[in-house]
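Two complexes are shown next, each including subunit A; its partner changes from subunit B in the first to subunit C in the second.
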Partner chain A sequence: MIKGDYMKFYQKIIKKPWTYVVGGIILAILNIILFWFSGKTWRITSGFLYWGMGILEKFGLEHSNWYYFNVYGNELTKGKTFFNNEYTILNLAVILGALIAALLASEFKWKKIKSKKQLVFALLGGILMGYGSRLSFGCNIGAYFSAIPSFSLHGWVYAIFMFVGAWIGCKLLFKFLL
Partner chain B sequence: MAEVRIDCMYEACPIPLIKALKKLNNMKIGDVLIMETDHSCSITNVIEWAKKQGHEVDYAEVADGEWEIYIEKRR
Partner chain C sequence: MSSSKIQELKKNRQLNYKGKKNQLKYGLIFIMIVSFIYLYLFRNNFIYSIIWLLGLFIGFTLQKSRFCFTASFRDPIMVGSTSIFKAVIIAFIISTVGFAIIQYKSLGGNIDTDIMKIPGQIAPVGVHTALGAILFGIGMVIAGGCASGTLMRIGEGFILQLIVLIGFVIGTLLGARHFEFWDKLFISKSPAIYIPHYLGFPLSITIQILVLIILYYIADWYDKNNNMMAM
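== the complex of A and B ==
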């Protein structure tokens, strides 16, 4: 390839963000392929739930009698463990893939923590998101992106209230935090 | 013509845009807002948003992976 062509390819494919339409179509195709081959749709926080359960178990905490797992079960595939399962691989692969994309686009950068306030709110936000995602059977991937194509009504309910939540969150940010 | 600086270093979307929106509300026409950011998405979304609002926008990379975005309030 001559140099001009390569630069054009680099700018268009590697460096610049893709459009939402292209990204959406690729994600949809990948999710179909994943479902086809593994019988599972893409989920994120289920993997973190399993890690949390696995860690608690290592500390000797008995969680199989918890109300949550008695009502909903943990849906772990037969023969898989809390650490060795599909979602562990998917979650690690997402981070690895994002790292490769960032490195190729020379966008990689270590970010500092700005202040104690940022740290506290980041932790609080993370805990709220984790808590909420388990009550709604997933985050915006498991309970929205994977639910709607499965013709599950709960994906649509999730979508409506995700927008309501984001709107309220923005108002709170604007009024109290910035 | 006043110059206002906002520090958006180490902050991710949508914080820089909301901070800019809030600051611009209290500024006079002709004033310049200077945003310091290290978030590459801000280079796209803050600039796109400010242009759509009808403001004059420019930016410069002041250090490796650190930018200043200049927004002149027009309306």
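== the complex of A and C ==
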């Protein structure tokens, strides 16, 4: 009996995919809990910048000489480094959480890069997203998923223009990749 | 196709199936590893341990539900489907209520506080917001994933998304490097606008939820008329 229940749980929660709506509801609740406990909402891309700056500092560059790190509260908080901070914890946890979900459902697979074109587009896309995220104070999470519920107008403006960008991206995709 | 080839394919399939079955074990090993990290963080930094736990659940949820923000914007354009977009709107309705309560409590009801002191993601809005969002929108479609999707797919084993991550690091560095230019051009002249400052809390929440509900119905209507998959 207990084993049967366990199998049911396994099939339903672990093995089968969840619906988008379930995903959305859980992500919203997790973001609220994160905000409640840490005082900060879910953000991602600043963590990527921190990793990059951490690497550059290993080569002798000094972050405090950068204008960016002296304005808008972009300074490193005391006691934190570019590698030891809440973004690193959160980003690594997201990767590992997805890895565990994939493994438990036996869906993990190394997927190789198919072509040079794909590689170039991936790198270019990443650079565009990274650069854009500095201009708009965040990515699809920081300037959208966490910004709209924060009642900041920039979240809504971001949403509208991300849609414009996606439309341009689709045109480019049709033209060059498909 | 020759029968020997069919046999071979069958065999391959079985091998794949076996390989698949084995992954549960690795999953459990990783659960142990992340639990140890949790315990370590719990002893050294309580907030980190909570962030760690929440991040794991976020990653788990992203993977299980294939929650892809890129698809939420791309699918309506490319295939006319708004199912993920609708899920994002539902997430916004829930988080709007949750965030409002947290902000209200933190401000002690006094919303006229300095905008820098209000918790949450509040930033200057202006031309730079639009520019950044357009760049991001283009980038996420051609890279095939946004920030959260990139992390999630790295976890699923996509090597391509590691390249996207490298791009992200380079892009954020370049953006930060040029930040002074953009700040002087647009950002420093743009105000951060916290909607409750203008409308008060009750009205802001009501209007935002109403707008989201209307968007939901528009998306639903759009899906019914344009979804190529459903036709």
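By definition in this document, the second predicted complex is superposed on the first by the 158 of 178 C-alpha atoms of A that agree within 3 Å, B and C clash if a C-alpha of one lies under 4 Å from a C-alpha of the other, contacts with A are read in each partner's own complex, and residues count from 1 in each chain.
Just so it is clear, a residue touches a chain if its C-beta (ideal position, glycine included) is under 8 Å from a C-beta of that chain, and two chains touch if they have at least 3 such contacts.
Since the structure is predicted, the reported quantities are computational estimates derived from the model, not experimental observations.
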item	value
Which superposed partner A:7 touches (first subunit B, second subunit C, both, neither)	neither
Partner chain(s) touched by A:173 [first = subunit B, second = subunit C, both, neither]	both
Partner chain(s) touched by A:111 [first = subunit B, second = subunit C, both, neither]	both
Broader residue contact with subunit A after superposition on the shared chain, subunit B or subunit C	C
Subunit B and subunit C footprints on subunit A, overlapping residues	17, 107, 109, 111-113, 118, 170, 173
Residues on subunit A engaged by subunit C in the complex (per definition of touch)	17-46, 48-49, 51-53, 55-56, 66-69, 71-73, 86, 89-113, 118-119, 121-155, 157-170, 172-173, 177
List of subunit C residues in touch with subunit A within their complex	20-24, 26-27, 30-31, 33-34, 41, 47-48, 50-67, 69-70, 73-74, 77-78, 83-84, 86-88, 90-92, 94-96, 98-100, 102-103, 106, 116, 119-125, 128-144, 146-148, 150-161, 163-180, 182-183, 192-196, 204, 208
For the subunit B and subunit A complex, residues of the former touching the latter	9-11, 14-15, 18-19, 21-22, 38, 40, 44, 65
Interfacial residue positions of subunit A with respect to subunit B in the complex	17, 107, 109, 111-114, 118, 170, 173-174, 178
